[in-house]
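Next come two complexes, and both contain subunit A; in the first it sits with subunit B, in the second with subunit C.
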Partner chain A sequence: MTATAFFGNALTAYGPALAVLLLYVALQAQLVLLLMTAAFFWLVSSLITSLIWYIITPMQDAAAHGLPATIFVGVTIQEGFRYAFFRLMKKADTGLTSISSRPTSRLNQPINAFVTGLGFGVMSGLISYISQLAESSGPAILPCASCPGTDVFFIGAITTSLFIFLHTAWNMIALDGWYRGSWLPFAFCAACHYAASYGTLLTPSSTVRNGCVISIAICAGLLVVCAALAARTVDARLR
Partner chain B sequence: MTCTKSRRRSWWPPLWAALAFLASLAGTVSPLVSRSPTKQVAFVLSSVLLVAREQPVNAQSTYLESLMYQGSAVAACIRHLRYGGSVGCQAEPGTTGILYMLSEQSDVATFTATAPDAKYAIVMPYTIFNRANVQALRASGKTSGILLVKAATGFPTPDAWSPDSPTPNAQYGLYANQSEASWHAWNPAGNSLAFDSFDFPIFGITNGPSSLQSAVPVIEAAMANKKTGYSSYPLYAVQFDAFMYAADDAETCLRRGFCDPVGAISVWSSFTPYLNANPDTNKPIVLVSAKLDSTSFIHDWGFIPSGASLSPPVFAVGADPKTGLVAALAVAAALGQYLRAPNSAALAKDIIFTFFDAEAWGFAGSQRFVKDITTPQTCLEAQAPTSACPTSDATCSKPCHFDLDFQSVKIENIDSIVEFDTVGGINTVDPTMYMHVDQQSAANLALMDALKSGVVTPVVNGSVPQTMNIMAADASARLPPSSAMAFLQKRNIPAVVLSDYNTQFSNRFYNSEFDDSATWNATTVSNICALANATAQSIFKLASGNATVPATIVADCNFVQTLMDCFTRNLSCTFLAQFFPLLGQLGLSQLSADAGPFNFNLGVLSYVVSRIIQNVTSTDRGGACLSDTDCPTDYACLIFSTPQTGQCVKGFVRYHWAYGTGIEMNYGSSSFEVVDPTKATWTQSQYRDSSSTNTGVQLRIFQASSARYAGLQLGVGLAITLVAVGATIAIKVYSKRRFKTD
Partner chain C sequence: MPFRQVFAPQLFNAAHFIDRIRRYLPFQSQAPADSPVVIPERVDSTNAIEPELTEEEKIEDLKYYMEQIFLIIKPVIACMALSILWVKLTTESTPLYDSGIALQSAAPTTSVGASLGFSSSSSGSAFASAAGILGEIIGATLVIVALFYFNCMKILYAVFVLIVTGLLGVFTWTLGNQLLTVHNLAFDTITFWFFIWNVSVVGVTQIFYKGPMILQQCYLVFMSSLMAHSLTQLPSLTTWILLALLAVWDLIAVLCPFGPLRILVETAQTHDREIPAMLYSVMVWMMASPGDPPSVRGQPASSSASITRRGSAARSDTSSWHALQSDFGDASQLIKGHVPPVTEIEMDVRVPGPGSAAPESAPLESDPLNATAASPPANGEDDTCDAAEEEAEEEEAARGGVKLGLGDFVFYSVLVGRAALFDWVTTFACSIAVLTGLNATIFLLAMYQKALPALPISIAFGILFYFVSAITLSPLVNFLVKRPDKVVVAGAEAWLWVGQGGGGGMVYV
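So, the complex of A and B:
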């Protein structure tokens, strides 16, 4: 029963990302490298967030306003690193195109944005959920306060899965905007990121009924919208 | 993806990774066999996940576990092994069960018939914990473990309950060679459950004096489950952790090093002039004896490890046997008051006090003492510690002994034995004390005659004075289980066992968890004091040959009251703090009298008894001291007025190992081995998880989901993964068709 929950959570959280990784990204070495680099950038953003969290002690007080503050700092720094990574990629753009399997393709930039976004997402998914996943192999569950009958780890698995692809979509939208010299798409992505992250605060809430459903619905709704916008960036290249 | 060759090659790494992942899920991948680095990484990753669960090393896991699991202070029925078999319980690693409440007999049938199919941890009172019910619960296939609740609301105390046999330790006693049918049933309440073998865990919980020792969380969780009819998940469940290494029997586990002999440390003492006597003289000895230990079905771990977050409850208090111990100490104190006086005359006979430990385990303490005093021994190697004698306290390491002074106690010099069994009159109507002897021999009759008395019990805290007769017990029952038997097996010595029962134990909770501080009161103290007073005077007459008893030989009822309090209700009492200052700072209430694994270390009770007896038998006192090292040889630093300063007190007190005589140290292999299957060979298994901060017995309460819920999780995981696989392939196929040029 506990192993069942573990594999169920593992597949829910990482199954879709793993499928894309194995069936698409892993087939091309330069994409793997891009993904790893993006993942590293996310990791550094997380490190800086945790340093700030460590230094500014009021953020550690989860009972007060520590949690919203931490989310604000975390999201801001992640988005900052998204831009930093874009600047790096832009510098390497010519090189990246030349080592691409199809150097003449119009889709190299969107594909690179997709893969690096996936890298961002996968690393954020691993860091934020792997401890919970490990705990879910134990006999106990942590009941989800806002949704009686469910447990925090399963809700976390769904959220993780959604966030991986949200990061992918945001990266495609934001990078497309920056390539065109527009900051508006990035601003939209950042706003979505704040919305999705603050939405997750509803999951452990003991006052909001069905908070976990609302949280997942926010993420899923944003994913539909953002995925459509991301698809449009690909479409626009081909016109 | 331009040519087929490179395309095929590019497929290999993900394929390998996927295969390795699937194989590691099935648990078939061995990194030693595998040469593929991808496989190894997959294996390492899955191992890391498993390790992360087993050992929460990072802060997040610790935090999550603190939210998910609540610890509960428990003790357990544990595995004991003897020559030829084992008894007690075992918990397989990761045994869990949903809490299920059984309150009365009818609930057992309800459970077996109606409980939904799952594994349950049964929460039940002792009143319905019997062999028939345990078998019914086991046969239902729905029981993973049992939680016995002592003394909590809704969990009544049985009228009589003893897990020992009706003829306790008869196979190790004086009548072992006689037919089993002839053994006298001293313990009619005995159900022998302690000698059953259970292949599942049985833990004990109770409301201890500290908030950390509470049965309430478990009971409340079980009640919450009951309210939902055990069907509305999540339900509260527990995990039993008490995996014990030892299997088969004592010989096997000792050879494999998975068990320790059950044992403790006996104390023996005499008045200071004994030190100066020539051990080769034939001076007769009067032996005054009592036992130190008790036991229970749920076994205590012993002293609480420092740093443990939960202190385990104490189940083996043994209040009734303490009455005998306190009586013997009171006799020593009464005699000491006279012998300490400068004008006191030397006694014609030596008086030796023996306090045997681990007596519940085949009379381990008395049998070993008698075996050692009747076996000529020379110290072949003095240097200690050694691997066979791992204690620096030993003055001889081969054979391993604290010292060889016991050789001066010659069995042929023992003139008479007076032993105190339970003498508090707990559960008896009148305070009559009975004298038990093996045979109605002239010597025994003479000894009984010397001890016979009729006294009025003193008033203690408002107790009613009664006439106490000390008289001969029913002759046909012969000797009850006692330390004297070990001596009588070697030589026919006049021996009397004093007790408050005639032909059956007055103690309805013999060697059980209910023999606790609640059983005794002021009348008990009055009885002990009256008997100690009369016996001290009789023993003076025996030892001195004088018919007149000095006025100073009188038992101190305050001393009796204080000792009973300290031993059963308040271990950190100010009286004991005089002898063991640390004890006063620990704030402990109860003291476990369970013998436990023999590890050459002094238990708390042996230590405090040795200090008390040193103080009351001493005839010489010296200057101030901070510890024993500040005092001359045979002086102990006692009577701490403040935690820092004590006084040097001269006395003669010795320790003696107390573990079954069927087990001896093999000095070649430095390990214990079974040498005599007919003697006590009790050993106790070691635990997997015991450490300096962990007793190895743990219970965690948590909420568990149903199997259906876990199945749903797996279904969702598989479904969305398959959807993602399909979508990825579909997009690839679509884009390949549409964007031929890109």
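So, the complex of A and C:
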């Protein structure tokens, strides 16, 4: 299970995002820049999370309530940075529209939201999963605690690929709401983010049977709902 | 010649004095009095054009810089990826038995303290060696700038050919040796030397003579990744000190009034000489320079400069060396006439490009009027070679654009390679930080329209993100993955995961 596991996990986790990156984003310079800026914002948010986690030592205790607390802090800061990035984009909005390939298109804002969301997702996927991917090239598997018989790294790969697109959908929904002046879509996205992240707590749990299936099902279900909502924001623009 | 006087800032006002000094130089290049090129007044493009820029032109400029960032980021990413690959390939040794032979390659540092370099007890020597490397870089820069300042282009190119040959040969040999040793492969010496000979000779002809643009870029990226790899072999504390010092030096060199790189740019402006693309691509050079955005290109104010530039760029379908030949053709012809020793050097240099270089520069040389008259031959030649025009235009976009020095490539990659020695999370954090710094630099370039140091922002971001992510982020990421207890087998770089019903899982934030 060395090279096989490595390539299988890598393509499961990053394959879909890579396809979108290479076939759509990489064709336009402006989109690449937006994606990189968004990735930088996500990175800063996670660095701040990690600083807080490092300073407040009780959060480092996995046996007690370290994990839920870390998730709470992490998700809150990420969503805060989503808003900060929206403020930045709103300031640059006229510029962003005028330098896009089709300045008159009504889809510019949704496209930018999609690409920045993808930037958030890709960076979070890279940072969260890449070291496990490197470990998964080792000559064994690590059984998942909640469903023995499956590989931790493979479950992680599926979760990662789902989260990349969850971030994309959340960004589209939240930014569309902010552009219309409404905070309700953002509240929904934040709630979804908490739900999905707390759902992944079931994966390493040793008491819940089939926890990894439940956690993936939560993520996939949320992805379906959020993708439908994101599609509706695009649809509303076209009307 | 008193060195200090030449580099004193007030001398830029007294151009005639410099000319007088130049006449006494052994490698006297060109006395402006009898030069065929009348230097047109170069309008400071920023100040003169700024108020006339309409909204559309601004948008055009912005789009142009977007495309330029896009063009530059690809080779930077490629270079980083290559140097990460070299680091991973040369350290990924998993000896399951103790052979008793100490491996030369730097082992991956697994503790934060080691990554800071505090494990080595000699921090004073780390500073000294970093300062030594910095001194070499400063010395090289000064020499190159002096050569350019006194227009000794032939010597400059001879030096470059030597350096590139040496770099490609030696570093390929080092890396090849290291790869073979680490992976315990057998390979015969003759084939190995043959391979290295081919790599370096093809590289030199690609870079200095002619070849497809993409191949030239590949070679330059390859070369800088090799340099970066050899620099990651330094002890980590030395690397950090070196990077910080370099960022400071870069600021001084490009922005201070007496900084060598600034002198270079000003020389190029006052004498209306192009800084050849080769200088950026070959020299260990830390500067980003703005290309000519659409608004500047169309302006009649800097017409002669931009026309000759475009002419030479259009002709550069053969090679950048030729563009250079035509840019400096007049000067080189004069050298030929005057100083015998330089002719020899020139002969050496000319070896790769027989024939075609001389006819190209001939019209420029024979034309006694001025630089603007140099444009008709260029245009005429454009008409004659219609077939190659499309290709040439594509390449013009790549060649005439924003330029980034090779030194920037190298030291970005050094930082990322150093991070790759530590951890994957840190590697990606550093890469994104460096790329964002590069974006910010090019954004500033678009705003200020002058040569800017490309290292400081990126290096500052990179170093900051390295330490924060090495100390806090990668422990956090590890914390989010539950694993059973790990038993590390002493002596072997392997471990076992143990525990009854043990298992793990990943929590995704």
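The definition used in the following text is that the second predicted complex is superposed on the first by the 238 of 239 C-alpha atoms of A that agree within 3 Å, B and C clash if a C-alpha of one lies under 4 Å from a C-alpha of the other, contacts with A are read in each partner's own complex, and residues count from 1 in each chain.
To be clear about the criterion, contacts are C-beta pairs under 8 Å (C-beta built on N, C-alpha and C of every residue); 3 or more make two chains touch, one makes a residue touch a chain.
These numbers were taken from a predicted model, which means no experiment stands behind them.
In the superposition on chain A, A:204 contacts subunit C only, with no contact to subunit B. Contact with subunit C, but none with subunit B, is seen for A:67 once the two complexes are overlaid on the shared chain. Contact with subunit C, but none with subunit B, is seen for A:33 once the two complexes are overlaid on the shared chain. Judged by the touch definition given at the top, the superposed model places A:142 against both subunit B and subunit C.
In the overlay built on the shared chain, the residue A:47 is in contact with subunit C alone; subunit B does not reach it.
Of the two partner chains placed around the shared chain by superposition, subunit B is the only one that A:238 touches, whereas subunit C remains out of contact. Look at A:7: by the touch rule set out above, it reaches subunit B but stays clear of subunit C. Shared-chain residue A:134: touches subunit B and subunit C both. Judged by the touch definition given at the top, the superposed model places A:80 against neither subunit B nor subunit C. In the superposition on chain A, the residues of subunit A contacting both subunit B and subunit C are 130-134, 140, 142-143. Note for the complex: subunit B touches subunit A at residues 1-2, 10-11, 13-14, 17-18, 25, 49-50, 52-53, 58, 60-61, 64-65, 67-69, 94, 96, 233-234, 237, 239, 700, 702-705, 707, 709-718, 720-721, 723-725, 728-729, 732, 739, 741-742. Listed in rising order, the residues of subunit C touching subunit A in the complex are 59, 62-63, 66-67, 69-70, 73, 423-425, 428-429, 432-433, 435-436, 439, 465, 468-469, 471-484, 497, 501-509. Of all residues in subunit A, only 1-2, 4-13, 15-24, 26-28, 101-102, 104-107, 130-135, 137-143, 149, 151, 154, 157-158, 161, 238 touch subunit B in the complex they form. Subunit A makes touch with subunit C in their complex at residues 29-30, 32-33, 36-37, 39-40, 43, 46-47, 49-51, 53-54, 60, 62, 66-67, 70-71, 74-75, 78, 95, 98-99, 123-124, 126-134, 140, 142-146, 148, 152, 155-156, 159-160, 163, 196-197, 200-201, 203-206, 211-212.
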